[in-house]
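Per-chain numbering from 1; labels A, B, C, D and E assigned in written order.
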């Protein structure tokens, strides 16, 4: 089978517009679910570090539920399942306002929040107990020692996994395709179905995902380097 | 100044301190020694309440350290603590380590804290390293910064938990010298250390602990020449044997 | 030569799409895949004198499955359209279906009221180009399978859903009254379904066409239709077509 | 809910078997086990290439790992769906396609785990082995790999959980695994998506959670065994976030 | 036996060894000392080529150690190396640690290697711990197993890089005793150590390093009583001062 590459038709209307719309959707979905995941993740990590046994259990159960079920199942459950038990008014509002984006953001955001929560938590744990003791010995209160001593160090440690999970979140937005969400993978598959230009279509998508993923990894490494404390 | 009365502490089942009763007078330097696991660290950590006690009482200038209603953060500014592992804040430069508490706890102005911090760094011989980060300093230098940091709140009492054990032999001297100068200036100090030379030179009293008990106390000359307890005899001979 | 290969193997491998009652679906009790497409596959295999073998594929993987030699023939709700005809060869029609839009009852009077609305389709289905032509302003939302699309319609996630009328009626019947869904007229298109085969195998296509003719002539075609969509079923449909060459 | 359960549970657990192909949870598990089984040796090889002093091994293996880490699994599935038949000149089933993809995907991620395990070993281990006259190969085989793999056991179990979850992608190419089966059940019920997908989540949860607990237990053992040994530089790894793919 | 001629080594820009020229004779015990960072470790690590050199030559029995065509693995069996951090293989029992190289490198039979390994463990006083894993041994015991492991290849030369620095003071003696007995048996040894008692007792020569240079060498008695260089004087007074 010889491969005759021809990107021309894909990069001209109407496909070009579809691709662009898909890219925009993917970016939007990534950002909305990321914001949800990070915000919730930090809240959950804080709840877990308070040291209340019951609270810790509840958050722990939530985290392990999110982590032990595939994202695709979360997506189906939210889009077809949970949406069905919403009040009728809410349902029609969501349906009228890009429901695919909303439900996909929720499902992805909630699922990834579990990972972000654990990242922040392990960042906190990586700061040696001696740091907390030293800070408290100087008379700093718990809150102050967290703010000035523990968190600044924890974030440095948590940076690489947070970046890594951001990349995974970005890649996982492609699963929203199963909900009819018109993100990039969905669009590429449609175009592929219409034009049968399989290789070209997938190459474009792959290039996009690779560029963004590697870009995020690079930015993350850069940020980690800038945050790094000068060493010998 | 610091008075222990019938202090008992348990870690779960384990009886870590048993009926410790003794006193550190103002301006006195006490060296605490004893075999590993004997409770030395536990004892001095109770003094700034890094460890809670279950029975007995510890007072500092008559104030009950383990009182429920103690303003802990304020109290701790009165006790400087120096750790074996230095525990400098790695994301802050030396001077920032020193200034953190004066600025954030006592509410001093940055410039005032800095001026005083530089004086302290100078005192420990590290004014030229003020803007270095902990990782850029040798162990001995880190420990000296840690001492300056503890001094920044002008505590009347300083506690040292094996301040030289994590150091290369080369660097032990520089840290001990700073401690000696503190002692000479009349600072009240409790030091857990194996450095017997230091104890001989500056300690007013040596406390020997074993199995959570304060087995023997005495002037350094008497203690090193003629320990009364068998356990102390064995301990000293082990230390000397090589 | 594929005809010879199939005969030599003694097996005809048919791709079917198993999420579409009554064409091919898994019987809940026996957990066998059964249906109209399945029976056609079996009938053609019998005419060719070989054993039928089913392979369940997804809608948008049908054509690649065929072109990459994973199956011999598609009996997979495959509507004829010119783009597809460039990829694969079609047999004579074995089913002709109206493609219709369904929507919530009482909201729209007729098909063209759907202009500008969100209409569900199935990924890779032949309805997509048709609806794009008939209602160009419609916004299409594609799901992976027919039930997902229908669920989306029932849940109001889309305003309409375009599908073969027979399939649509089945969904509506299954749901009973509570679903509140109706089929809008007129249909958006009429589509002939053929069995799909690889290009460049004229002998094989000819043999399959001959087989379909025999099935038609012997009345077996009518039987199969009645069994799955006739009076005795929830569809209550009449067979208003004959096996014939699909007009390009 | 109870009724759906009793009626459709067999479909979810074993698919059409014995009247048709095996599917459902059984197929999910088979895919995961095979996936991990093939991915493991490949990942060790990749990791060895990644730390190799030879650029000719290091560069391609690094490219593979970064490629896999940068592209969504779905897209990789599509790629192998079309590329594998072209490359081997023979039709392959959707099952094989998915398996191949999972193996590549997991091998890339697991190689990072193995590599992290090797790099976390104190340098003194290699130096001690080399000082005794052990060559590069012997050092790897006798000293580095046994420790790295043992220390990374919890992460490797967690990776198995990831594999199980990743098989759900089979849905998009009609591999009759658990998610696909659930959609089949949903098709035939049509009106109970909440119940069906909740049940799907529960089944995944039970299986994956059990394994996760297993990883935690193994982690505890490993950490305990490691305590006091020279290897103190790595923290508990069962939940090491860098190393997990999903 | 080991001859350094004009050895130079750089880490990037940093000149770690400068023109080191000296010799270790057969059966001689050399103690290398000097301040932290002076290049002691670097120097002895070049002897079994854990570090490469950029200039000069090091020979063992006349053989160029840094020759391109040297069979490195075979050569290394002729030099035993003992690390500060012991570096036992934690997944193997003591006896397996000792037997690994004889079996895998020299191709000895398991039973033969084991017999000889037990004899070595006996020599370091640990025959009863043969089947213990490193984690189950104290630091001193681990270091003694490490010595036995290095001896298993019957190397004519042994190198020690601060073998007692990572040990609790109580365990230093047991390791030094093993080293002393080796020295007495005529082993050629190079030891980086701060244990001046050991140096006095068994060293034939003391080498003092500073800033990558071999500043001074001499018999221990002479060196400790009368160091010629200023740097060595300061170093010795630092070591003694506490």
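Keep in mind that, in the parts below, contacts are C-beta pairs under 8 Å (C-beta built on N, C-alpha and C of every residue); 3 or more make two chains touch, one makes a residue touch a chain.
Source: prediction; values computed, not measured.
K.L.:
Among the other chains, which touch chain C and chain D together?
P.N.:
Joint contacts, listed by label: A.
K.L.:
Please report how far chain B has to rotate so that its Cα atoms sit on those of chain E, a copy of the same sequence, as a value between 0 and 180° in steps of 5.
P.N.:
To map chain B onto chain E, rotate by about 170 degrees.
K.L.:
Kindly indicate the chain pair that has more C-beta pairs in contact than all others.
P.N.:
A-D
K.L.:
Give the identifier of the chain nearest to the protein's overall CA centre, each chain being represented by its own CA mean.
P.N.:
Centroid comparison flags D as closest.
K.L.:
Measuring between Cα centroids, which chain is at the maximum distance from chain E?
P.N.:
C
K.L.:
Name the chain whose C-alpha centroid is farthest from the C-alpha centroid of chain D.
P.N.:
So the farthest one, by centre of C-alpha atoms, is B.
K.L.:
So, what's the distance in Å between the C-alpha centres of chain E and chain D?
P.N.:
Going by mean C-alpha positions, chain D sits 45 Å from chain E.
K.L.:
Suppose each chain is reduced to the average of its Cα coordinates; what separation in Å results between chain B and chain E?
P.N.:
36
K.L.:
Quick one: report the Å distance separating chain A from chain D, using the average Cα coordinate of each chain.
P.N.:
Result: the chain centres lie 20 Å from each other.
K.L.:
Averaging over Cα atoms per chain, report the distance between chain B and chain C in Å.
P.N.:
One centre to the other, that is 84 Å.
K.L.:
Touching at least two other chains at once: which residues of chain C meet that condition?
P.N.:
Where chain C meets two or more other chains at a single residue, that happens at 64, 144, 148, 151.
K.L.:
Touching two or more other chains, which residues of chain D qualify?
P.N.:
82, 171-172, 183, 186, 193
K.L.:
On chain E, where are the residues touching two or more other chains?
P.N.:
Correct list: empty.
K.L.:
Looking at the whole structure, which two-chain pairs count as touching?
P.N.:
Result for touching pairs of chains: A-B, A-C, A-D, B-E, C-D, D-E.
K.L.:
In their complex, what parts of chain D are in touch with chain C?
P.N.:
7-8, 10-11, 15-17, 19-21, 81-82, 85, 90-94, 171-174, 176, 183-184, 186-188, 190-191, 193
K.L.:
Can you list the residues on chain A that touch chain D in the complex?
P.N.:
It is residues 1, 64-65, 67-74, 76-77, 80-82, 84-85, 115, 118-119, 122, 126, 160-161, 164-165, 167-168, 171-175, 177-178, 185, 189, 198-199, 202, 205-206, 209-210, 213-214, 217 of chain A that touch chain D.
K.L.:
If you look only at chain B, which of its residues touch chain E in the complex?
P.N.:
Going by the criterion above, the answer is residues 36, 138, 168-173, 176, 194-195, 197-198, 238-239, 241-242.
K.L.:
Could you list, by residue number, the parts of chain C that touch chain D in their complex?
P.N.:
Residues 18-19, 21, 25-26, 28, 30-33, 56-58, 61, 64, 68-70, 144-148, 150-151, 154, 171, 174-175, 178-179.
K.L.:
Spell out the residues on chain C that touch chain A in their complex, using ranges where they run on.
P.N.:
60, 64, 83, 87, 120, 123-124, 128-129, 141-144, 148-149, 151-152, 155-158
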